[in-house]
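Next up: the structures, one after another.
Shared between the two complexes below is chain A, which pairs with chain B and chain C, respectively.
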Partner chain A sequence: MSSEEALAIIVSLAAAALLAVVAVGQGLVPVASTDLTPLARFYLLNVYNGSSQLWGASPEVITSILWDYRGLDTVYETAVFFLAIIATLTLFRDAKLLPETAGSGRGMTVIVKTVTRITFVTIPIIAASIALHGHLTPGGGFQGGAAFGVAPLLLITAFSLRLAAERGWSKGKLLTVRTAGLLAIGLIAVSTPYIIAALGGKAGIGYVMQNQPKAWAEVGWPYAIAYAGMRVLFSGTLLFLNLAELFAVSAGLALVFTVIAMPTEVLEKGGGVKK
Partner chain B sequence: MMEAATLLWIYFYSVLLVTVFLSLYGVYRRPNVLKKIIMLSIFGDAANVLAVLMGFRKNAASPPVYPGQTYTEWSAPNSTQLQQFASAAVDPVPQVLVVTAIVIGLAVLIFLSAAAILLYRHYGTLDVRLIRQKIIEGGVEE
Partner chain C sequence: MSKAGSAFVVFLLLLGIYLVYTGTTNPVDVIAGGVAAAVIAALSADLVVSKPSKVFDPRRWVAFVIYAVKYLTVIEARAHLDVIRRILSPSLPVDPAIVRIPYAVSDDYAITTIANSITNTPGTVVVDIDTERKYMYVHWIDAKTTEDEGARAHVSEEFENYAKLIFEG
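This part shows the complex of A and B:
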């Protein structure tokens, strides 16, 4: 870095600070306003309001906006993520994960390996907790899946990709889990009309991507179930969508980490795939 | 004399702006493709933090989750409780946008990492200056 470049950086940093002072001082940026935007007020008031026509019927506003109000947005956003994974797989389609194509298998030091043995168990527990509470607290299937994805990454870096390959990981298995999760999301989203059809068509009205029974559409996944004195709240489809998303995202991330971690010469020459 | 809260807001905004400028500098000036990708993801995260910060409200810091729900218990709030809740919760819309942006950012990051590996495979380097030189010299020997 030359001295001119360093000077340019310092000047632009000072300009950034000055810009912040001016922007806050002149009221150009929101500084903890006390009022809500109309859209935010609409969501906050309607999600919990059972007498409203636009009742969200789920116990958390952000999950409700994501899956109930803007469900199609979320579906396409998930589609973008999985298209990226498919694109990555296509770029590396010549390399197959086998013990002989998975590198040396040396791994890192004993200290790192011991710590990884502990965290490899705790990370999936935290991920499951995030995903299973997705309809009650901030977080959800994608966040849980992204947390889960750290566990295979740790295994690959601390131990080796070869260990994973020897324990039976393969691109096909991970792809199967990912596809099953995606299929489950799709089937749950369109399930309500099929439930009506299964009940003989007399049960009432239900819509595609409907979450819970409402006063104007009586069919839907139940809000909670009571069994043997215990009442478990799962707010319609939300818990199952979160679970399916957890499986799909964690398997997809593990797939990408596996592919990216493969040795360069295997990626260059291709390994294990019949031409 | 400015309030302490205003000073804090100036601090927040300037830290975020500095992060944004530094990451843009990294994307523009660092020759290594991997460092460009890292800086791009830092840029995206700074933008996300900025969005969540804009949803924050004065004297209303609770998350947009109606309090008092557990896995087994839930009671429907009446309209007074709802108004009270809406006056105490932060803006949920930026948070929803950030959730979407994180997913898209991760997708872009995954694809860029794969593309960087391919770039290295093709040119044998991740330095954009060397890659440019190789392109000018007439491609790579197969």
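This part shows the complex of A and C:
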């Protein structure tokens, strides 16, 4: 055994011993403090408390904050993301996704391709689950969309962009889905008074991004439906906003990945760069 | 017919994954997951399944279950113990080499099963594959032979037999 190997073994053992001493001596402390701030206490006591005027009709505090208490922030955030994608597209405004100019289409080995075929269809179903349960469990529309984004990225990496072009992906289609998602978020944001009137409730003045009724603005989305003896909680606007956000983010990420994967010559031509 | 069959197979797979991942059998979730699975299957099933009738062949499933159990217990344990023994032996008994192993299957899933079975057992890694001449290039921690058929008998023959039963044809 060389002296270097001996040294490596001694250092490893010393590190392990140190770790053991720290873990046993200190006791492992909880990651989150049990000493809540007044703000945290407010959210935890109100968010799923039906008798509170300030409830969000959802047991998921984070989603409630994102889409209800601080809902406008998230709308603007989504708009900023949309603007960033528009800016990216403007740079390469005339770049077209065509099979002839999208590479050789050879891609990686058959092993990688076969595994990618399976993950390409299973990632979106996981993304759907994350988004559809955003009002119940950790997750939501943006998280689902971010998970979905891996699927087009894997397909482009394993098979090359040519397969995407041959399967009929186009900037226009992806942008349509992206815009429809954002439009749906905008409609839901101003929908609350109309929804309650459409369902036969008492019409009144509401706020932008209002989810549940407040004492001074008594309109709100229904938060659950009951059928066949079961009660299904969908938390008012939260489920629909998550769903719209899923489409907006998924198509947005797929669009950006597709554009930046294009060959340099196509991008240069599409951006109007003079030769 | 084959296209609708492919979509149906992928739909079942995705609905199963959705329900297991979500951890519920609530009818609303079955409907929501079903809609999502149907959309994805309609758009992309042709990428995944080309001969859906193979999925409904019980002999393939029996071979799959036998192989899965045997691979995850006996074969994995044997390979792990072998590599653990090599690592812990002071004399470091390794004789690494990249060997060329021929294979005789043509289905993509069968090839992938063989390659991933080789890679997932400690001691052997598939580093490249030549699908035209049907060779896998495998890094082997203790190359007992560098001759094609000999290496095949040692490394991949059992995997290939099962892969053939499960996917080929």
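The rule is simple: the second predicted complex is superposed on the first by the 211 of 275 C-alpha atoms of A that agree within 3 Å, B and C clash if a C-alpha of one lies under 4 Å from a C-alpha of the other, contacts with A are read in each partner's own complex, and residues count from 1 in each chain.
As a convention for this text, a contact is a pair of C-beta atoms (placed from the backbone, for glycine too) under 8 Å apart; a residue touches a chain by one contact, two chains touch by 3 or more.
These numbers come from a predicted model, not from an experiment.
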Check: Between chain B (first) and chain C (second), which does A:I126 come into contact with in this model arrangement: first, second, both, or neither?
Finding: second
Margin query: Just checking: does A:L72 make contact with chain B only, chain C only, both, or neither of them? Give me first, second, both or neither.
Written below: neither
Checklist line | Partner chain(s) touched by A:I9 [first = chain B, second = chain C, both, neither] | finding: first
Margin query: Tell me the contact category for A:K113 with respect to chain B and chain C: first, second, both or neither.
Written below: second
Next item on the list: Identify the partner contact of A:A215: answer first if only chain B is touched, second if only chain C is, both if each is, neither if none is.
Entry: neither
Next item on the list: Would you check which partner chain A:A87 touches, where first means chain B only, second means chain C only, and both and neither mean what they say?
Entry: first
Check: Looking at the overlay, what does A:P138 touch: chain B (first), chain C (second), both, or neither?
Finding: first
Note to self: Under the stated touch criterion, name the partner, chain B or chain C, that contacts more residues in chain A.
What the structure shows: B
Next item on the list: Would you tell me the residues on chain A in contact with chain B in one complex that are also in contact with chain C in the other?
Entry: 230, 232
Item checked: Contact footprint of chain C on chain A as seen in their complex -> 109-111, 113-115, 117-118, 120-122, 124-126, 128-129, 132-133, 230, 232
Item checked: Of chain C, residues touching chain A in the complex -> 10, 13-14, 17-18, 21-22, 26-29, 32-33, 36-37, 40-41, 44-45, 47-48, 108-109, 111-112, 115-116, 126, 128-129, 131
Item checked: chain B-touching residues of chain A, taken from the complex the two chains share -> 5, 9, 12-13, 16-17, 19-21, 23-25, 29-37, 39-41, 43-45, 48-50, 59-62, 65-66, 70, 73-74, 77-78, 80-81, 83-85, 87-88, 91-92, 136-138, 142, 146, 224, 230-233, 256, 259-260, 264, 267-268
Margin query: Under the definition above, what is the set of chain B residues touching chain A in their complex?
Written below: 5-6, 9-10, 13-14, 17-18, 20-22, 25, 29, 54-60, 63-66, 69-74, 76-77, 79, 82-83, 85-86, 89, 91-93, 95-96, 99-100, 102-104, 106-108, 110-111, 113-115, 117-118, 120-121
